[in-house]
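What follows is a group of structures, each given as C-alpha cells.
You will see two complexes here that share subunit A, one where it goes with subunit B and one where it goes with subunit C.
This part shows the complex of A and B:
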C-alpha cells in the first residue's frame, strides 16, 4: 500500500530538481499529444530550442518577457509576505498611465527637463503601481478585506481608467480621432544600445538584485518573511504588521508599475487601451515556477517569453494554430502543480 | 489507496492544505487517465491514414524566376473568431487562390505590444510582403518598414504610409470602408420600422464607427421621412470592445425592450445582435437586424434585412501583383462601393448588382420583406454610389425634399446645401447627427 508522507524539510536542490523534472515531463507530454495530432515533433522541439540559441530571436524573447519578469518580481515580494496580489495587471496599467502622464506634462506644459524624463517616468510609474496596490493592502489592514478579490477587481478599474484617458483627455490631437495618446519622444523612450530589450534586462537584473538584497540583508525583508510564514508569530514578535504590509505591497505594486513603464515606453511608444495581453496573470505562473526566488524569475520569465516567440515560428513554419502555445503553457502549469505536490509529499511504499 | 501520514500521526482534522493535496491527487489522476484515453483514441483515429501509395511522378524543376513570393500576415485575433481576423483570412485565401505563385502564412492572436517580434519572425522566414491587420499595429509596422527597406509592408485601418508622407515608401495603408453601405442599411431600416425608433450597438467611439452610425441614421431618416413625414429617433449603446457577444446581446435586448427600437445595426465582430433580433422574430415581434463583415443570414434567416460585407481579397491580390512584378508604389487605399468591381459603372435598377458579391465592399442579399419601392431606392443609390453620383453625407442624402441641411446634436449645421463630406471630414468625424438621443462619449 502507498502512503504519502509530508516532507518536513526539503533541500533546495531536490526541490529544484523536482521542478526541472516537471518541465521535462511537460515537454514530453506535449510531444506525445502533438505526435498523435500528426505534427512533426522533432521540428516542433527544434523550433522551440532554436528560439533560445539564436541571438536575434533571443533578443525578441527578452523583449516580450520583460513585463512578465518585472510583474513577477513584484509578486515575489507580495507572495513572500503572504499577500495574494492578483492585481499585477492593474498595477502595470497604472504604471503605463503614470509614464504617459509625464510625457504629456512635458510635451504640453514643458514641466520636466528632457534629460530627466526617464528617471521621473520611472519614479512616478513605480509610485503609481505601488499606490494601486496600497488600496487593497490598506483595506486588508484596516478592515480585513480579502486582498485576492480587491486586487483582482482593481485590474478592471485600471483598464477602464486607461480607456477613459485615451478616448478622452489624452487622445492624440493628430491621431484622426483614434484612441491613442501622443507618441513618446525619443528621450522618453526606454532603450539601451538601440534596443528596448537591453534597457529592460538591465532594469530587471537591478530589480532582482534589490529584491534579493531586501530579503537577504534587510530588517524589512526579514519582517516580511516572518509575516509570510505566520501573521500570528509576526504579531507576537512585535512586528508592526500593518505598516509592514503596506510597505511590502507598495514595493510589490511599484515593481509591476515599472513593467507598465516598459510596455508603453519600450514596446509601444504610446498609450493605447487594453494593450496588456495578460502580463500580470502570466506573471503569477512565472512566480510559481521560480518558487518565489528572485534570481530564478529571470530564466523563468525568459522561458515563457520564449514559448510565445516559438509560437510565432510554429505558426508560420509548421502552420500550427496559436492554441498550440496555449496548450503547451497549460500543460506546463499542470506539471508545476504536480511538482508542488511532490515537493510537499513523499510517496512511501508500506506493507 | 493514499493516506496522509501527517493526519494519522496528529489525529487532527483535515486542513485546507491537505484538502488541496487530495484535490490535486484527484486532478493528477484525472489528467493521467484522460491522457491515456486521449492517446489511445488519437492512435486509433490515426490508424486508417497509414497506407502505401505508389505513384509515378515526372519531375520538372520549376524555372528559377518563378520562385514563389512569400507573404506574411499578422492578425490581432484568432482566425476562428467569425469576425475581423476571420474576414482577413478569407481575403488571404481568396487572393492566394487567384495568384498561384504565392506562399502565404500568418501569425494569429498577436497582442499589440508584441507585433514587432511577429513581424521579425516573418521577415526571418523570408517574407517579402508583410500585411498587418489591426490599427494598433501601425507604429510597429512603420518602424519595421524603416528597418527593412527591401521588404514591403501593408497596414490595414491606419493612416501611416509612404503615400501619406508619414512612413517610408515601402509601406502602404488600406481599408475597406462601409459608410455608404451603412447608409443603405439605414434606408432599409427606415422602410420597415414600425416604432420609428432604431438602435445601434457600437464598439468604440472612434471616427470609423461614428461615421457608420451617422450614415445609418441619415439613411433611416431619409426613408422614414419619405414614408411617414416624421423624423426618425435613434439610440446608441457603446460596448468598448470589438468582440463582446454577451454584452452585445444585453445591449440589443435593452434597446428593444427599454428604448422601443425595432431595427438594430451594430459594429461588433459576432452575429450576436442579429441572433437577438431573430429570437424576437420567433416570439412574433418584428425586430430586424443586419449582417456585419460577412454574410450572416444563417444566424437570422427571418430578421436579416441586408448588411455591409467586405472581401479583402482584391486588395491583397493587388499588393501581391505589385510585389511579384516589382511595380510597388506606396498607396493609401480606401475601398468603397465600385472599387475593385469588374464593372464599376451605374446600371439600371432592374440590372442592379446590389446584394451580390462584387469588389471589396458590397451589400448582403436584400430581404424581400422590404417594400418594393425601397428595395428599388436601395438599388438606385447603390448604383449611383459606384460612380460617386450619390453620397450619403449630403442634403440630398438626408432629406427627401432636399431642404434640410445635416445638423449635429447641438443644432449646428455640419453639411449644408451643395456640400459633401470630403475624406478628411469623414475620416475624423467626431459628432453625431441630431436624431440620436445619446451624446458621444468624450
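This part shows the complex of A and C:
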C-alpha cells in the first residue's frame, strides 16, 4: 500500500522543481487531449513558443500581461491573508469604469486639470477596485458571509455595469452608435516613451516592490500573514481581524483596479463592453503558480500573457477557437494544484 | 387586469427553475458529505455542449446519458483531487469550472463540432453539421392535470425532463433523510472522524457524492440546452451554476426545499425577461440582468444574520479535507 508522509521541511529548490515538473505535466496532458480532439499538437506548441521568441510578438505579450500581473499582485495580498478573492475580474472592470468616469468628468465638465489627470485616474481606479472588494470583505467581517460566492457574483454585476454605461449614458455621441466611450485624450493615456507596455512594466515593478515591502517590513503585512495562517491565532494575538481584513481587501481590489486603469488608458484608449478576456480569473492561476511571491508574479504573468497572445495567433493560423487557451490554462491550473500536493506530502511505499 | 399573463409566467418559472433544481440536487449531496463542488458551473457548461452535439448525432436519450457520463468523470476528477489528495476544494473547483467552460467552447466550436459529428455519425446530412441549435425536447402535457388552473400550466405542461426532475427531488430527499445511506452521507459531512470510527468508508462516500454531483450538474446543463434554450452560445450557463450554489444555502441543504429555491430563482429570471419587454428593462436591460446575481448576494447576506444562522446550519465538515489518523 501507499502511505503519505508529511514533508516537514522542503527546500526552495525541490519546491521549484516540483512546480516545473507540474508544468511539464500540463503540457503533456494538454497535448494528449488536443491530439484526441484532432488538433495539430506540434503546431500548437510551436505557435506558443514562437510568441516568446519573436521580438514583435514579445512586445505584444508584455502588453497583454500587465493587467494579469497587476490583478495577480492584488490577489497575493488577499490570498496571503486567507481571503478567497475570486473577484479580481470585477475589480478590474470597476477600475476601468472609474478611469473612464474621470475622463468624462474632465472632457464634458472640465472638472480636473489635464496635468493631474493620470494621477487622479490612478487614485480613483484604485479606490473603485478596492471598494468593489470591500463589499464582500465587509459582508464577511460583519455577517460572516463566505467571500467565494459573493466575489464571484460581483464580477457579473461589474461587467453588466460596464455594459450599461457604454450602451447608455457614456456612449460616445460621435461613435456612430457603437457601444464605446469617448476616446481618451493624450494626457489621459498611460504611456512611457511612447509605449503603454513600458508604463505598465514600471507600474508593475513598483507595485511588486510595494507588495514585497508590505509583507517583509510592515506591521500590517505581518498581521495579514498571521491572519492568513490562522484566524484564531490572529484573534488571540490581539490583531484587529476585522479592520485588517478590510484594509487588506481594499489593497487587493485596489491593485486589480489599477489593472483596469491600464486596460482602458494604456491598451484600448476607450471603455467598451466585455474588454477583459478573463484577466481576473487568469490572475488566480498566476498567483498560485508564483506561490504568492510578488517577484515571481512578473515572469508567471508574462507566461500567461503569452498564452493570450498565442490564442490570437491560433485563431488565425490553425483556426482554433480562443477557448483552447482556456483549456490549456485550466489544465496548468490543475497541475499547479497537484504540485501543492507533492510539496506537502511524500508518497512512500509501505509493505 | 386579467390574470391570463400569470400562467405563462409560472410555466416558464418552472422551465428555468428545473435548471437550478437539477444542479442543486447533486450538489446538496456533495455538500452534505463535506465537499463543495465549485466546479458545478463548468460541468454544467460541459453538459450543455455535449448534449448539444450528441442530440444532433444520436438523439435526446443518449444526449442525457453521455452528458451524465462526462459529468461523472468530472466529478471523479474533483473527488480525486479533493478527497484522495486533500487539496483545496475552492481552487480545484475553480479549475474544473475553467476546464469545463473552455472544453465546452472548444468542442461546440463549429469546426471541432463538425469533426466530432462526422466521427459519431457519418450519415448525418451536411445541414446537421452546421446548425447552431438542437432539437428541443417535445412537450408532453399530462391529460386532465394540465387543465387545473395555475397549477396545471405551472407543473403539468412541460417536457419529460421537468417531470423527472420534480419527482427526483422528493426521492432524493427521502434517500438523504430517511435511509441509512443518507444517514451515512450526512454523518460524513458532520463529523468524518466519528463516521470513520463507526466503520463508514468516508472516502468511498465522498467519491460517490462527488460523482453524483457531477452527473446532476451535467444533467442541468443538458436540460438547459435541450429543454430550455436550444441555441448554442458559448458561455450560455452564464453563472447559473454559481447561483445554484447560493440557492442551496437558501434551501438549507434540503432537496425538497431546493424546489422552492429553484422556483424562486427561476421566477427572478422570468421577471427579468418580462421587465426587459417594458419599463426599466427597455431602456437599460443591464440592471434587470443584474437581478439574479444581486439577489443571490442579498440572500447570502440575510442568511448570515445571527437570527437565521441559528436555524440553518451548514454541514460542519464542509470544504474541509479529511485526514485519517494512522
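To be clear about the criterion, the second predicted complex is superposed on the first by the 311 of 351 C-alpha atoms of A that agree within 3 Å, B and C clash if a C-alpha of one lies under 4 Å from a C-alpha of the other, contacts with A are read in each partner's own complex, and residues count from 1 in each chain.
Simple rule for what comes next: a residue touches a chain if its C-beta (ideal position, glycine included) is under 8 Å from a C-beta of that chain, and two chains touch if they have at least 3 such contacts.
Keep in mind that this is a model prediction, so the values were computed, not measured.
**Student:** Check the residue A:338 against both partner chains and state whether it touches subunit B (first), subunit C (second), both, or neither.
**Tutor:** After superposing on A, A:338 lies in contact with both subunit B and subunit C.
**Student:** Quick one: is A:263 in contact with subunit B, with subunit C, with both, or with neither? Answer first, second, both or neither.
**Tutor:** So A:263 only meets subunit B here.
**Student:** Looking at A:80, would you say it contacts subunit B, subunit C, both, or neither? Reply first, second, both or neither.
**Tutor:** Once the two structures are laid over each other on A, A:80 reaches no partner at all.
**Student:** Would you sort A:284 into first (subunit B), second (subunit C), both or neither based on which partner it touches?
**Tutor:** Once the two structures are laid over each other on A, A:284 reaches subunit C alone.
**Student:** With the two structures laid over each other on chain A, which partner does A:32 touch: subunit B (first), subunit C (second), both, or neither?
**Tutor:** After superposing on A, A:32 lies in contact with subunit B but is clear of subunit C.
**Student:** Is A:106 touching anything from subunit B or subunit C once the two structures are fitted on A? First, second, both or neither.
**Tutor:** Once the two structures are laid over each other on A, A:106 reaches no partner at all.
**Student:** On the A-aligned overlay, A:144 touches which partner chain: subunit B = first, subunit C = second, or both, or neither?
**Tutor:** The answer is second: A:144 touches subunit C but not subunit B.
**Student:** Could you tell me if A:3 is touching subunit B, subunit C, both of them or neither one (first, second, both, neither)?
**Tutor:** Both partners, subunit B and subunit C.
**Student:** Considering only the touch criterion stated at the top, classify A:321 as touching first (subunit B), second (subunit C), both, or neither.
**Tutor:** After superposing on A, A:321 lies in contact with both subunit B and subunit C.
**Student:** Would you please give the residues of subunit A that touch subunit B in one complex and also touch subunit C in the other complex?
**Tutor:** Residues 3, 37-38, 163, 167-168, 319, 321-323, 334, 337-338, 340-341 of subunit A touch both subunit B and subunit C.
**Student:** If we count contacts the way the header does, which residues on subunit B are in touch with subunit A in the complex?
**Tutor:** 1-6, 21, 24-25, 27-28, 31, 35, 38-39, 42-43, 46, 49, 72, 78-79, 105-114, 116-118, 120-122, 124-125, 135-136, 139-140, 159, 204-207, 210, 240, 427-430, 441-442
**Student:** Which residues, counting only subunit A, touch subunit B once they are in their complex?
**Tutor:** Touching subunit B from subunit A are residues 1-6, 29, 32-33, 36-38, 56-57, 60, 63-64, 67, 163, 167-168, 176-179, 183, 263, 267-270, 272-273, 275-277, 308-309, 312-313, 315-317, 319, 321-323, 334, 337-338, 340-341, 344-345, 348.
**Student:** Where on subunit C is subunit A touching in the complex?
**Tutor:** 38, 77, 81, 85-88, 90-92, 94-96, 98-99, 101-107, 109, 111-112, 115-116, 234, 238-239, 242-243, 245-246, 283-284, 286-287, 289-290, 293-294, 296-297, 300-301, 304-305, 309, 326
**Student:** Under the definition above, what is the set of subunit A residues touching subunit C in their complex?
**Tutor:** 3, 37-38, 84, 86, 139, 143-146, 148-150, 152-154, 156-157, 160-161, 163-164, 167-168, 281, 284, 288, 319-331, 333-334, 337-338, 340-341
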